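Below, chain A partners chain B and then partners chain C, in two separate complexes.
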Partner chain A sequence: MGYTLNFNLIWRHFDKLWGGLLLSLELAVISIAIGIVIGLVLAVWYVSAGRVVRAIIAAYVEFIRNVPLILLVYLVFYGVPTVIDLAYSAPTSFVVTLSVYSGAYLVEVFRSGLEAVPRGQLDAGKAIGLTPWQRLIHVRLPTMMRITLPALSNTFISLFKDTSIASVISVPELTYGAQWINFNTFRIVEVYLVTTAMYLVTGYALLFALRLVERRFRAAR
Partner chain B sequence: MLSQILYALPFLAKGFAITLWVSLLVVVLSLIAGVLLGVGLVYGPAPLRWAVRIFSDTIRGIPILVLMFFVYYGLPAAGLHLQSFWAAVLALTLFKTAQVVEYVRGAVASIPKGQSEAAMAIGLTFRQRLTSVIFPQAFRRFLPPWINGVTDAVKGSALVSLLGITDLMQAINQVIGRTYEAMPLYILGALIYFSVNYALSYASRRLERRFAFIRD
Partner chain C sequence: MATSSTPALLDIAEVSKSFGQVAVLRSVSLQVAKGEVVTIIGPSGSGKTTLLRCVNFLESYDGGSIRIDGKEVGYRDAGTRQRRSERDLAAMRAETGMVFQSFNLFPHLTAAGNIMLGLTKVRGKSSAEARAIAEHWLGRVGLAHKADSLPAELSGGQQQRVGIARAVAMEPKILLLDEITSALDPELVGEVLAVVRSLAEDGMTMVMVTHEMAFARDASTRIVFMADGGVSAVGPPKEVLAAETTNERLRTFLARFRASHF
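And then the complex of A and B:
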């Protein structure tokens, strides 16, 4: 009781939050970039592959989607190095985890996107004499990208929020910065108010920007 | 290694029970709160609609982890002392409630306007229109995404380990702390979570097919 708000200590340590926010964004951007590559390759492979490959890709997707992210983060950071002789930093470990994690979600996004490409476009590509590879690069993928853009931006924003899990392996992102200030200054309410505002403003700014991009590409149709 | 894991199984089972208990509480409480607020969002007076909209957009805009720390460390400052278990359940429930609100809104919005106009035309009162026309149809649209979201609650419950609650996640970490068998135990944990969630998502796919006939 008698708690009075005092933001002075938050501003004094604001670099922890600001630097944390930038790192959060960096982690999310790198992870989605790698995740998009994983997702694209596996989705294209999936739609043209035999039963065995499909089963393996489906197993990867289902496994990742049904296990808590925090467990995957622990598994990669604390588990994997006990089995294989590899040393990596916590941020690297988290990026690997989040990439594999987003890859699993994006396989599904891209796969349904590929299936949503109208049959007529592919037939038209065939009619003008494009090879299967050309049809993929010039017809299927560009159309699919437009279809999947909204799902892609939603995935990115939820990845940005998921970067908060990196704090459990002491990656100094935004949530970690908030906890640091919480434990060192005890300005609990203030620090979480500021952190919440930072996540909200960044998240909605991203959403707004991505919606603009989507509209730009929809108009080009 | 195997004997150590076998020895730890009863301990892990206790943690697993906590995981299920947290998930169940969160799912049930958020269903009640979410449906009430969701109906408020669609049919309520403007101030209520605004309040629910702000609540939902704020909660869904921040990481669950931040929400959990805010509730856990922040509530005592507001003079409210909750056990860590209930603080964790409260935070996860708030988060899930915001999702349920959106499912409800989406489900009600998907019912064609003609349905409620037809009900009005045959003289049903507002309450009758809701209970006999809108809700029975909206329920079918609400069910599949909601069941899908139940797996999120199970996965999200792993975060309570960070508040020192011995759920499955925390139990695994504690066993690893003693045995140093990190990889086998994390894989075992992953398989347990996987089994529960896969069963749930399988059920939701069946339900989706079961209710597919109302797709227009």
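And then the complex of A and C:
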């Protein structure tokens, strides 16, 4: 028990953690934004498509859901540039990976949301003469969004935590910052205590904010 | 009813439809003239609601034809059985209004917003125009003060009145009412029926499915009795609802109805 906690070195390098946290948030926000687009497009396509398209979309979802994220990160960062002549930075590579990853989860979220929109609402949309596209935009999607908002928040929180995996390809996000401080100061306990606290506090703050948004929408139901 | 002298606004001719093996409509024919209020009654499973839903093509039909103002509904010209494009269908549906048993208001839009959606997106009106029309109709159904309320903040009767306002604001040629009071608490039925009655007085052409016999008797120009997917009796309310009818099925239906409702 000869270890005494000393946080001085952590505070000295705190900019690594703070900068890392901001980058983590940025990675999560960009990825979920792209993931939402992928998820929405594929979910809308899925519910109106034939068997072949459905099978392809289902294959994508199953592939992503059954392969560990860290492998996908390696695959995209090391694998793809080896096969095709394409250069991109580690953060870009990670955003691409995380977007495709979250997209697969969100297809499922949005698909079940679309199918949960009561049939009567769609009938009402038809009855006033809305075209299929107008029914999608003005009737189906707004109701679907309300239904899927909690699942969307949960996905976002999990993506925020998943950004820590970017450290394996040296993206300077929060976990990478923690590793850097650890290697340079050897204050392993302190740095991971602080880092854990930062993930926790940020995660809770995000959850709290998102629940507020959900409550507003639920009141409007 | 001298319906033969005026061309029918709605002409349903020998329409049939099956769900798999089950025939739900068997060669149903019915003409409705402009300004008429036709009520369809009958036991559950007799095809009333299905027939109504065929008129605005929420359901497709297998044989026969349905015409509104001479124009074939759902299919390109009778006989071809070629389904119209979605754009065509949407345009045709805008000519009929429908009010549903379960209201089916859009939950994310206010009362006014529900009415304005079709006006702006289908009729191409500006929001200001649409808002004015919405307010006019909300006033007509006694809900001027609820324009900015969401459906969840309204009672069932109020929601249904918004549902009616949403349908009539589109100025449809014909209004279809599908058991619009069946989901309401008894004390809320009256306020909804009062609105329907005032529309009838305005000359709105209506086809309604209902279990409100007293209302059907008082407000209809004709009553259609459906049984087993076919029209079993049709005529003025007094004739159809007469206790001494010779139609066996109708007599059984009315007797059962009287036993359970009075």
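As a working rule, the second predicted complex is superposed on the first by the 220 of 221 C-alpha atoms of A that agree within 3 Å, B and C clash if a C-alpha of one lies under 4 Å from a C-alpha of the other, contacts with A are read in each partner's own complex, and residues count from 1 in each chain.
What we mean here is this: a residue touches a chain if its C-beta (ideal position, glycine included) is under 8 Å from a C-beta of that chain, and two chains touch if they have at least 3 such contacts.
What you are looking at is a predicted structure, and each value in this text was computed from that prediction instead of being measured.
**Student:** Examine A:N8 and indicate which partner it touches, taking first as chain B and second as chain C; both and neither are also allowed.
**Tutor:** The answer is neither, since A:N8 touches no partner chain.
**Student:** Is A:V139 touching the first partner chain B, the second partner chain C, both, or neither of them?
**Tutor:** second
**Student:** Does chain B (first) or chain C (second) touch A:T175, or do both, or does neither?
**Tutor:** first
**Student:** Counting contacts the way the document defines them, which residues of chain A are shared by the two interfaces, the one with chain B and the one with chain C?
**Tutor:** Comparing the two interfaces on chain A, one with chain B and one with chain C, no residues are shared.
**Student:** How about chain B: which of its residues touch chain A in the complex?
**Tutor:** 58, 61-66, 69-70, 73-74, 77-79, 151, 154-159, 161-162, 169, 172-173, 176, 180, 182-183, 186-187, 189-190, 193-194, 197-198, 201
**Student:** Would you mind writing out the residues of chain A in touch with chain B in their complex?
**Tutor:** 1, 3, 62-63, 65-72, 74-75, 78-80, 82-83, 161-165, 167-168, 175, 178-179, 182, 188-189, 192, 195-196, 199-200, 203-204
**Student:** Please name which positions on chain A make contact with chain C in the complex.
**Tutor:** It is residues 118, 120-121, 123-132, 134, 138-139, 142-143, 146, 220-221 of chain A that touch chain C.
**Student:** In the complex, go through chain C and note every residue touching chain A.
**Tutor:** The contact residues of chain C facing chain A are 56, 58, 86-87, 89-98, 100, 102-108, 117-118, 121-122, 150, 152, 166-167, 170.
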